[in-house]
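One chain, chain A, links the two complexes that follow: it is found with chain B in the first and with chain C in the second.
Right after this comes the complex of A and B.
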């Protein structure tokens, strides 16, 4: 046993997969310690807030300020408020006044502004340009000038009579230390369509999905193993009967059974555990087949015959003389079942047949929500891409472990 | 020839038995469940209706329509009789279209998308896997992890990523539908062009996903065969490398055909979900709309059609396998 383990941990593939999987598990356990709370709590009012650190503006205006004179502050400010459309419009103007734009790069805001200064003239009226457009350029020019001129923002309070009284002036050189601001919320993956913290949700969903995979894997492996052992060892009519059923369910797609059962159960009945069990019940055939063929090759070995002659019970022979020999296959099959269970849940959820939505997030449900609110077409990558990546990484790590084990136990496959 | 007849006879017998079981399951499973499907449908339709007698009437009407008031056996024969005539009733969500009408318009899209994609993915995967096994060294070191990773991207994930990269950002392909929205299916050059451009993304996303798994499988089968005794013996005899490799890959290919037959159900399932992402007008999207609208007749018919499709493909692969691997036929004499 010890030797086998040592051998297994010498396989680079197994270790690679194992490391990724353990890292995912650790994140799942440790992250909630730093960021506790309900993962389904809606913190944002809007949908799809971008990833980043959010500083409370109310607190920031009250925090003590420092003055820094940074050279590139004005430029950055301008670059930030200049939208893509404005840039396109600026290029249009340059073309209209026949400026040389052959080596113009729209991502270089500095250069753009420099050229704007040089070529924009409010008195010029390019031929064929409509009035509204000319006015648009005037507004754009004003906005740019204002940003560059170092205007102040005034904070005012209402006094007893309702008149505004200036309480504070914010200059464009004022800086606030984020530590001095009472409320700073870091959202590394933004919020989703319901205004929930995606990272927190993702961690919790990964946990649920792995649990679903484990339950599905255990159910499928138990059924497959029991039936496979019985069919292979007992043989005869029992074997024929079990193989009859197995053959049928190998061909009827488990996916279809899963849909039929999940739909018939109804939304209310479908907790995460129920979905996991159903997945397990529709995916055992593969394990059953491979266990059976392994057992058949074992059942006439000398040590098994010896046990039989000694009058050991069927249960004991299977447990002590057969199971240890097929343990590696069973573990490998189990790993694959876990990975396909996670995938099945995701696919079911995308069809709208996933677990009940009010209790826990799962990876599939997160994907389903992101798709329902078309995160993929409105550019909110943080709502779906981390989910896809997580599913892929989990299943990649499990399969890598499986390949590693395969190479350890099947010497013919070794590199 | 006798061996073949026996082999095919057995395969077809299995097909018939599995088919019957599939139909029975399709019929029984929803009816075994604690929830009464007719009650669920009535509940959906009668939402906000406080008149109890009207609700009861709706319930009775649907009970009659589905025949759930009849005994189970009689219901089953009615179901079979109607199914044979292609009559799956009327769709709830797309009333008054009949279910068979919806399915006939969707099934062509699914077949035209999935089978070429799966076959191309299978072929490319096998070629890459065989190359990896034969060349080894650097190529193998890079290819195996990449193939493993690609093979583990779920089909819908690949679909979303391709859609965002090529559809939304690069704008080189349309992002939804099977043809442009402003067109009505007809035979013209414009329509075909539109269909082809809409075909690209779903097609390549399914191909990419199936390449990974196949390449990994083919690689290990080829390594297994390359290490076999007959290869060493042939080398001793001085047979040309090229000839040996031909034999090796032929032998390694055979289990891949069975592998395809075994996994075709899962692959089609994954690809059906990928269809939803692209709103491709096939069976996957049909099933999605049916599920969201709780359109029971449509769900039942879609699952049945998908099962039949998978069964037919599996039978077809089994028959092909019989032709290319004489050992299968020989095994029938044991």
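Right after this comes the complex of A and C.
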């Protein structure tokens, strides 16, 4: 036993998969300690806030300032305020006035502005350009000029008479230490369509999904193992009967069955545990079939006969003379069942038949929400891409562990 | 092996221990029907050393499985101590197995590799109703059994079967039988997987067991020389049938069936004593 474990942990594939899985589990446990609270709390009013650190503007204006003279500050400011659309429009203007744009690099804002100064003339009306477009360029030109002028922002309060009184002037060389700002919110993965912190939600969803996978795996392995052991060891009519049921379950596509059961349960009945159990109930057939065939090859071995001759009961023979011999196989089947359970939940939730949406986030539900609110078409990659990556990592690590175990227990696969 | 083993007693008047009438085993049906054991009759007496000899595929092992009650006969009936054998329920089977035990061919696959040797021997003590004995008494019993087969229990305790050699494992099997003291021991080619040296020891131990406990030993083998050497009665099996049976001397020194003659001529002539070529094979 100890030897086998040592062998297992010498398999690089198993160790690789195991490490990834343990890292995911650790994140799941440790992250909520640093960022406690309900993962489904809607912190944002808008939808799909971009990933990044958010500094409270109100607090920032009140924070003490330092003055720095940084050379590239103005340049960066310009680059930041010049949107992609503006850049595209500028290139369009250059083309319209027949400027040389062969070596133009749109990411080089300095060069773009230089060219703009050179080629833009409000009096020129390029052929075929509509009035609205010409006005747009005028506005753009004004905005660009303003950016370069180094204006100050003035903060004013109303006094008793209602007149505005200047209270503070913000210069373009003023800097605020983020530590001095009372409210800074870091959102590494932005917010989703309901304005929830995606990272927090993702960590919680990973936990739920792994739990669903484990429950599904345990249910499937228990049913498959019990029926497989009975069918294989007892044989005869019981074997025929169990195999008849197993074949029926095998012939009906499991996923269709899963959809039908989930649908008929109804939204209210579908908690995470219920969905997991349903997944387990539809995926035990392969475990049952393979356990049965293994047991059939074991039941006529001499050590089983000897155990019978020693007067052991059926239960004891199955438990001590058969189960240990197929244990490695069952563990491998279990790992695969967990992996496929997580994937099944994701598929089911993507169709809107997953656990009810108000209680806990799951990986599948997060993808479902992202899809419903068109995150994939409006470019909000942070709402679905990390989820896909997590699912992939989990099932990759589980499958890697399985392959590693297979190589240890199946000598023909050893390299 | 001691010379006394060759002294053959007459068992025809001894009480019956295990007998069978028309015992048949058929596998499959239709075109794939195989008759493994074909209406065999046999009578094994108490204290008799019986050998069933036949080549591979002659149905020896199938017959032994039926004798042990591990598989059911398709036809025919087996009598245990003169009464029809009843193994219809698990409880009755367990009762029957107190009277009949077995040693299998491959010592490496006979033991559960996940159980310690202590467990194997303790099971035997428990089966004989020794559940309430003290730890020391159990230990003494196991030590005695191991001593009988020239093993030291102190060295074996807490070991797993795969840590022993094939010969040691097979001797441990005999220690098991020593503890169980059944009426009948069915030895299914117990010496075919161990080296020549262990073979002699094991055969010697079987004969000792027979003399000490007075059990019937059914020895299944493909080696007719070996059978001649140690058994009182020999049954020759071919294609699921007993072609010839009787006292070892009569059958082997005076074979009647062609199959027996062939088996005898196949015995390698290594040792003078074992050389059976002097037997007149042409006698009808």
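Just a few scattered comments:
Throughout what follows, the second predicted complex is superposed on the first by the 405 of 415 C-alpha atoms of A that agree within 3 Å, B and C clash if a C-alpha of one lies under 4 Å from a C-alpha of the other, contacts with A are read in each partner's own complex, and residues count from 1 in each chain.
Just so it is clear, contacts are C-beta pairs under 8 Å (C-beta built on N, C-alpha and C of every residue); 3 or more make two chains touch, one makes a residue touch a chain.
None of these values were measured; they are calculated from a predicted model.
Looking at the shared chain after the overlay, A:257 reaches chain B, while chain C stays out of its contact range. Once chain A of one complex is fitted onto chain A of the other, the partner contacts of A:305 are limited to chain C, with no touch recorded for chain B. Once chain A of one complex is fitted onto chain A of the other, the partner contacts of A:219 are absent, as it touches neither chain B nor chain C.
After overlaying the two complexes on the shared chain, residue contacts for A:405 are found with neither chain B nor chain C. Which of chain B and chain C touches more residues of chain A is settled by the count: it is B.
Of the two partner chains, chain C is the only one touched by A:314; chain B is not.
In the superposed pair of complexes, A:396 makes contact with chain B only, with no contact to chain C.
Residues 68, 70, 90, 93-94, 97-98, 101-102, 104-106, 109-115, 123-124, 127 of chain C are the ones touching chain A in the complex. Against chain A, in their complex, chain B makes its touches with residues 14, 17-18, 21-22, 25-26, 29-30, 32-35, 37, 40, 136, 148-149, 151-154, 156-157, 160-161, 163-164, 168, 175, 216, 220, 223-224, 227-228, 262, 265-266, 268-270, 272-273, 276-277, 287-288, 291-292, 299-300, 303, 306-307, 310-311, 314. Residues of chain A touching chain C in their complex: 301-303, 305-314, 320-321, 324-325.
Remark: chain A residues 247-248, 250-257, 259-261, 263-266, 269, 286, 339-340, 343, 346-347, 350-353, 367, 371, 376-377, 379, 381, 384-385, 388, 391-392, 395-396, 399-400, 403, 406, 410, 412-413, 415 touch chain B in the complex.
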